[in-house]
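My structure is below; once you've seen it, I'll send some questions.
Chain IDs A, B, C and D follow the sequence of writing; residue 1 opens each chain.
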Amino acid sequence: MDTRQQLYRDMDPHNLTPLWEVLHALVPPRPNTPCIPALWKYDEVRPFLLRAGAAITAEEAVRRVLILENPKLRGQSAATQSLYAGLQLILPGEIAPSHRHTQSALRFIVEGSGAWTAVDGERTTMRPGDFIITPSWTWHDHGSEADGPVVWLDGLDIPMVRFFDAGFAQNSVGRSQQVARPEGTSFSRFGHNMAPVRHEAPYGATSPIFSYPYERSREALEQLERQAPVDEWDGVKLRYVNPLTGGSPMPTMATFLQKLPKGFSGKPWRQTDGAVYSVVEGSGEVLITHGGEEWRYAFGPRDHFVVPSWHTARLASGPGCVLFSFSDRPVHQALGIHTEERLS
Amino acid sequence: MDTRQQLYRDMDPHNLTPLWEVLHALVPPRPNTPCIPALWKYDEVRPFLLRAGAAITAEEAVRRVLILENPKLRGQSAATQSLYAGLQLILPGEIAPSHRHTQSALRFIVEGSGAWTAVDGERTTMRPGDFIITPSWTWHDHGSEADGPVVWLDGLDIPMVRFFDAGFAQNSVGRSQQVARPEGTSFSRFGHNMAPVRHEAPYGATSPIFSYPYERSREALEQLERQAPVDEWDGVKLRYVNPLTGGSPMPTMATFLQKLPKGFSGKPWRQTDGAVYSVVEGSGEVLITHGGEEWRYAFGPRDHFVVPSWHTARLASGPGCVLFSFSDRPVHQALGIHTEERLS
Amino acid sequence: MDTRQQLYRDMDPHNLTPLWEVLHALVPPRPNTPCIPALWKYDEVRPFLLRAGAAITAEEAVRRVLILENPKLRGQSAATQSLYAGLQLILPGEIAPSHRHTQSALRFIVEGSGAWTAVDGERTTMRPGDFIITPSWTWHDHGSEADGPVVWLDGLDIPMVRFFDAGFAQNSVGRSQQVARPEGTSFSRFGHNMAPVRHEAPYGATSPIFSYPYERSREALEQLERQAPVDEWDGVKLRYVNPLTGGSPMPTMATFLQKLPKGFSGKPWRQTDGAVYSVVEGSGEVLITHGGEEWRYAFGPRDHFVVPSWHTARLASGPGCVLFSFSDRPVHQALGIHTEERLS
Amino acid sequence: MDTRQQLYRDMDPHNLTPLWEVLHALVPPRPNTPCIPALWKYDEVRPFLLRAGAAITAEEAVRRVLILENPKLRGQSAATQSLYAGLQLILPGEIAPSHRHTQSALRFIVEGSGAWTAVDGERTTMRPGDFIITPSWTWHDHGSEADGPVVWLDGLDIPMVRFFDAGFAQNSVGRSQQVARPEGTSFSRFGHNMAPVRHEAPYGATSPIFSYPYERSREALEQLERQAPVDEWDGVKLRYVNPLTGGSPMPTMATFLQKLPKGFSGKPWRQTDGAVYSVVEGSGEVLITHGGEEWRYAFGPRDHFVVPSWHTARLASGPGCVLFSFSDRPVHQALGIHTEERLS
């Protein structure tokens, strides 16, 4: 055995490892995510959701969700290294008990109307395309008064909070929380480019608006499509903002809504924040390339897909479409490590 | 002549003055504004506005405005020590030439629909109750396609910028600026709790929204009146926000809209920021007291009044009313000198 | 009388004034301060200070200060429109009673060592060139254990706080406050590019450091003179910072220390913030021009002069010199109205 | 096979996983880090460092570092889940080639004087106890003109940047960078509670000061020990600050220096941010407990140890000691997930 091997062997019991053997992997020339792109066709996922609905009760299941796992991160409950995504089903009459946790959550409504989520004493009724927030450490529960299944996309920062070893959670004793104020109060207070004269930000760095209704968000996109030039990479794309800061709705996740006009054929880009997409309306195609590999996904309503970090992607749509997406961009920005390139 | 008088006389030519003779006035135990309350009844002001319309052309007058001068600050073009307020008239077909200045301006529409203001290439149509911003150093002009007179309240930080010796202004060569983008583009970009993905704040610390339509602002107040407890001092009151910061729409002025419910009889308060009020709808009464004096104003639609710094005020309304107001609060806050008291 | 004059006369009792008659003055094309440059030679001022020391006791005088009044603002206790400056004398054994006020104060020590100021229970010994802060609304008092007269420059935001009608003041019952912690504690906590792990900013937006000793500040300038290129306008100039924000030490005033190297002949500049200078060491010349007028001041140690807003100024020094200065720049920046030009 | 198992099996190929089977682990009631405490005695590590010095050249090794791996994260080059720590050796005359990367680095000098690190064209000489920063994406290299071995602690955010898939790196063509300005220039510019009048923050959110000399930091601690009450948990503890923001020196890592007075016996605490400690002077003991387990480490000069997230720890010292530490606290704070408890 040569000197080095002997050294490695001798120091190993002391929890010492030679940097020079691993430096290249530790400090790679460019991002080298273990994730790969993935697509979940709603036609394929929906039957499993319904089977899950039959197989277990809401109460038993607590949260009846199918996790969208990145194919290269199986067993880690992660869509990208830092983000969790899942599709949740709630059936008519069901009520999920109340709990809270340090993890922040977003809900993006995929199918069905009439379910509700309650945050901190205020209910919000869910309609397809609505983007709803559960701020960190707020009591929340769900229920459904719909007459059919309701499905939404859950996006959480679970892997991040796990990575930073900072998760706390509590279950409430009762089934669901008391309603403390009428539906829409938070939006009336903060949603109209106005705010109460005297207030603390009720949820710290998280938006005081629980619900960004699709009706309003889509209206903004449609107006902009008529009013302003279409971006050659993104079509017409807006980010949701926390109206008390101008920043992202949650400190850990950014959310976006974009409209690809009819016949749009976008230019390619790449960015360090990996993103999860949910197709709201219409259909189109995403082409992702990385390291000589290529993924080409045709997507339709309610399909979901992942564009990992530093993968080159481009979007196209014949009939036009609307896409919701979320990523960990605000963390990249807070840490000073966000990079993006718009290619031509 | 005693020693002191001799000293004062000797040093006076050297631009030296004894502090001990003026200390009490310089550092008073509490704010001691030279301003007093004032009321402008619209019924009395309107005829003067129309006479001004007849007496001079828009072009000649450049800005046909009657300045609301505080009775104790006559000749200073000031409603309070730091704020300018005026009522501007524009007649059908008139167009005011374009200019820009470091002073920030707000317009609050008092009477008439169909006039427009253009900021940085984007027009905004004016309707009663709309709150419109002209950011510092942006080209702006006005015109009217209405079929009758249009009147708005101008609120500017002119006295502040004069006090800090920081005013610049330019007139454009042409009559009015080119329209660069459709009406409503700024609101589509920033008004729906969303924002473009890639943007600089287009006007620095000033809100990227030019126009806060009354329709939306009033809707927020009405919803809150139903949803939440009425504040015992303010009724239902919201401040307008810059959605990119959560702060005031301009760095120099805060703006507010409040609804006093039917039969409201408010508690008294005082604050260091003096405020100018514009009555939008309904009628009521304000009672102001200070240093043993009392001012009691009954107000109706389109009336204007001033509540000076550290004067105790209370509001009441039998039929209910809506009030717009603006003050220099953000400056007090930036300088760390804002104080308010809610009395009982 | 013509129509207009009749209109003006009729509306005058209603506190209405025509904008079009005053617009040009209200919104000038460039800053047009009423202030002019001024110089106070210490040789001329000092005898008045000593006469003031003889004429009145410290107790009687409360604050024995000669106000440096701008020649065009006589009677307003102002060096520029927004800034107060005065020279304060304290004699051996004197103690000034404790008080507090919303106005922020800076002390820059001009002559003598051994006096002290106490802020919020902590004393600071004064030495020439030290820059000391009295944060808004903190109890403070002064005393002297020196064996000769001690003189310092007082810089306050008195005119600003008066303009915004936001001044409060209190006198304490006792003569001076209890010492609550050893001298230097605040500097130990915050002065070494470190800070306590758990703390609130003890004085809000004001620096937690009371005293910036000349010894350290001068050392920084001298090192930079050797290490880095000399600025063609400023020589070697640093601004004092609040180490908890990176901003100015007080929200209302910026402070600067600069060294003009031997033989420095600076380029001209102008800026909207007017400034008061105190000469610490050495001698030189300032040339100020504005609107066709010219002021040329030769200055030596302990002289003071004012460069008003938007006056063109240039500095020169044969033997080299050190200058302290303060201005209202942070307010200009907070209000978005700061402008400066470096001319060649 | 029951219904559920059949469902799991059927959906598995679709990258779908049932949340309800893993929910408890994903959202634990309290932080449940895989890390455990660890101690590296310098007496045991130093011989391996010297053997590494003999076994490989600096050039060959690029970075001759022994990584301190958490015993439960072997193979991951991590001291905690988010932090990298290593001990680096540089021998007389060696020069490491220049490179840069998005990862931020801190160096804390453990043994030997006379080595240097250069950042962005400015060299800093290393002395024991100095804390030195390599900001993200700045060119840096090291060399030694010492006459013996020099060892420092490297702390990096490598695991974080890997987790967020955001790492870029470049090697320079030449061996080491040109010196662009004298040693100490950055400190002269920003280290004395002053800053250049006109500057951008040269390294974004990272401190413009490369080097926080031990001499000054220790002086602050010693003064505070005399001036202020000793904290019952921490002794006398200060955090290093970025003087342009008041925040942590790097956006990803906080750094601390603390002095335990003679005979100190501290109270226990726990916090979500795991920390790495480096003993500068003196000796003492740390007692860590978690989940019924207990670790008791006696430490002396140059020893290193890890206190993982949410482990209860207490410090004691007979003769007194000085400890440097770093953690990922600023990320916890930016993400709104920092929690700490001080127990009694």
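The rule is short, and it goes like this: a residue touches a chain if its C-beta (ideal position, glycine included) is under 8 Å from a C-beta of that chain, and two chains touch if they have at least 3 such contacts.
Remember, it's a predicted structure, so these values are computed and weren't measured experimentally.
Counting steps between touching chains, the shortest path from chain B to chain D takes 2.
Separating the centre of chain A from that of chain C, both taken as means of CA atoms, is a distance of 52 Å. Centre to centre, using the average C-alpha position, chain A and chain B are separated by 42 Å.
Separating the centre of chain B from that of chain C, both taken as means of CA atoms, is a distance of 31 Å. Within chain C, no positions touching two or more other chains are listed. Taken chain by chain, the contacts form a single closed ring in which each chain touches exactly two others. Residues of chain A touching chain D in their complex: 3-4, 7, 10-11, 14-20, 22-23, 26-33, 35, 38, 40, 44-45, 48, 51-52, 54-56, 60-71, 74-75, 77, 80-82, 84, 86, 101-104, 136, 157-158, 160-170, 204-206, 251-252, 272-274, 308-310, 328, 331-332, 334-339. On the chain B side of its complex with chain A, the touching residues are 181-182, 184-185, 188-189, 191-197, 201, 209, 212, 216-217, 219-220, 223-224, 226-228, 234, 237-246, 256-257.
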